[in-house]
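Letters are used for the chains, namely A, B, C, D, E and F, taken in the order the chains are written, and counting of residues starts over at 1 for each.
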Amino acid sequence: MAGVPSDLEREQIFSMAEKEMEYRVEMFNKLTHTCFKKCVENKYKDSELNMGENSCIDRCVSKYWQVTNLVGTLLGNTRPIPVNDAAP
Amino acid sequence: MDKSMIGDLDSLPEADKLRMAAMIEQLQVRDSLRMYNSLVERCFTDCVDSFKRKTLDKQEETCVRRCAEKFLKHSMRVGLRFAELNQGAPTPD
Amino acid sequence: MAGVPSDLEREQIFSMAEKEMEYRVEMFNKLTHTCFKKCVENKYKDSELNMGENSCIDRCVSKYWQVTNLVGTLLGNTRPIPVNDAAP
Amino acid sequence: MDKSMIGDLDSLPEADKLRMAAMIEQLQVRDSLRMYNSLVERCFTDCVDSFKRKTLDKQEETCVRRCAEKFLKHSMRVGLRFAELNQGAPTPD
Amino acid sequence: MAGVPSDLEREQIFSMAEKEMEYRVEMFNKLTHTCFKKCVENKYKDSELNMGENSCIDRCVSKYWQVTNLVGTLLGNTRPIPVNDAAP
Amino acid sequence: MDKSMIGDLDSLPEADKLRMAAMIEQLQVRDSLRMYNSLVERCFTDCVDSFKRKTLDKQEETCVRRCAEKFLKHSMRVGLRFAELNQGAPTPD
C-alpha cells in the first residue's frame, strides 16, 4: 500500500469507509431502540427520564457494547469494531 | 448520528476529505429521517390503541409528546455513552 | 439561489430529493404495517376487509399522520412533512 | 408506492426531469420488492406454526392466501387515505 | 433486445440485477430470522442445534419458500422468484 | 450471503463481469455487517435482562456465546437448504 493509491484502490477505500459508517449508524440505532425497550417504562407518565431509567440506560449501553465485542471475537472479527476497547 | 462514529479523516488528502465529508453528511440526513420515522412508529404503537375517532384525543397527544421527549433524551444519553466507549473512556458504574 | 444553479447545487438538490422520497416510502411502509397490526384480525377467516376493519384503517392512517406532524413539531421540523397540513 | 409521495417535478428542466423519473422508478422497484418480502414474512409468521411436514397443508395455504389478499387490500386503502392527507383533503370520519 | 445493448440498457440491466440481489439477500435474512424464532429454543442451554431443531429448520425453510412462491403467484409475479421451482 | 443468490453471470462480457463481481462483493460486505448487527441485537435481547451492573455476568456471557454459535450454525444450515431450493433439488423430508 506504500506509494500513491490507484483510483481503484481509492474507490475501495471510500466504499469500505461508507460500509463501516453505515454499520456503525445501524449499530447505534439498534442499541438505542433495544435499550429504550429494556429501560424506559412505556406508559409515559412523565417526559423526564428518572434516575432508575438513567442508570439502566448507562449499563445497557455498556453491556450492549460488550456483547458486540464478544460476538465479534466469536466471528473471528478484528475489524468492524473500534480500535479502542470498551471499558472493563 | 454521533460524531464518534466517524473515523479519523485527518490523514486523507484535501479532495478526499471533502468527498468523505459529503458522504458523512448524506448519511446523517438519512439517519435523522430514519430516526424520525422510528420515533413516530414507536410512540404511535405505544400511545394509540383506540380507533373510534379519527383524531387524537388529549390523552393520546400527551402520551405521544412525552414518548417523543423521553426518546430524544434517551437517544442523547446513549450517544454520550457510546462516544465514551468509542474513545475507551471508563463509564460510570 | 437566484440564477442558474451550479453542478454541486444540482447534485445536492437531487440527493435531498432522493432522501426525502426514501423517507416518505419508509413512512408509508411503517404506517401500513403498523395499521395492519392494529386493525386487521390475524386469523384470516376471510379474505375481505370488513366494515369495522375498513373504518379502523381510515382512522389509523389519520391518527398516524397526526402523530407524524406532532412529533415533527417537537423536533422543530419544518421540512420532511408535506406542504399541506393534515385535515383537522 | 403512492404517487402522492412524489414531489412536484414540473419546475425542473427536461434533463433533470428524466433523471428524477429514473430515480423514482428505481425506488419503486426496490419498494415493491421490499413490500413483497415483508408480506411473505408477515403471512408466514401469522399462518405457519407447525413443522411436522415440509409442505404447507391446506389450512396453512388458505390462511396465507387470505392474509396476502387482505394485506393488499389494506395497502391500497392506506395508499388512498395517504394520498388524500398529502393533498390536504378532509378524510371520512 | 437483439444486437449490442445501449449504455442506457446496460445501466438498467445492472440496476435491475442489483435490486434483485438486494431482494434475495433480504429474503434470505428474513427467512433466517423467522425460522430461528420459530425453531430454536431461546434459553440457549446448549450451543449445538439438536435433532428436533435441525429438522424444524429444514421444514421451515421449505415452507417459507412455498409461501414466497404462493404469494408471488397471487401478486401475478413471474420474476423475482428463481427460475427453478421449489421441490414439491 | 449464499452463492446461490447470485444469478448466472457467464453470459456477460468481461468488463461487465468485473463490475458485477464488484457489486456482489459490496453487497456481501454490507450483508455480513448487517448480519453481525442483527446477531448482536438478538443475543443481547434474549440473554441480557438485568441492569444492576455495567458488566456482563458469567451466565449472560455463556448465554450470548451459545446464542451466537447456535445462530451461526442455524444460518449455515438455512444457507444450504436455500441453495438446494434455488437449484430445484428435492429436500430432506
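What we mean here is this: a contact is a pair of C-beta atoms (placed from the backbone, for glycine too) under 8 Å apart; a residue touches a chain by one contact, two chains touch by 3 or more.
The shown structure was predicted, so the numbers you read here are calculated from the model rather than taken from an experiment.
The greatest centre-to-centre gap from chain A, using C-alpha centroids, is found for D. Counted by C-beta pairs in contact, the busier of A-B and A-F is A-B.
When the contact pairs of E-F are matched by residue number against A-B, A-F or B-C, over half are shared only with A-B.
For this pair, chain D with chain E, the centres built from the Cα atoms lie 18 Å apart.
Averaging C-alpha coordinates per chain places the centre of chain C 13 Å away from that of chain D.
The centroid of the Cα atoms in chain B and the matching centroid in chain E are 31 Å apart.
The set of chain C residues touching two or more other chains comprises 20, 22, 39, 55, 58, 62.
In chain F, 34, 38, 47, 54, 65, 69, 91-92 are the positions where the chain touches two or more neighbouring chains simultaneously. By the touch rule above, chain B contacts chain C in their complex via residues 26, 29-30, 33-34, 36-41, 43-45, 47-49, 51-56, 60-61, 64-65, 68-69, 72.
Those residues of chain C that touch chain B in the complex are listed here as 15-16, 19-20, 22-23, 26-27, 30, 34, 38-39, 55-56, 58-60, 62-64, 66-68, 70-72, 74-75, 77, 80, 88. Remark: chain A residues 10, 14, 17-18, 20-22, 24-25, 28-29, 31-33, 35-36, 39-40, 42, 44-49, 53-54, 57-58, 61-62, 65, 82, 84-88 touch chain B in the complex. Looking at the complex, you find that chain D touches chain C at residues 1-2, 5-7, 16, 19-20, 23-24, 27, 31, 34-35, 38, 42, 46-47, 62-63, 65-67, 69-71, 73-75, 77-79, 81-82, 84-92.
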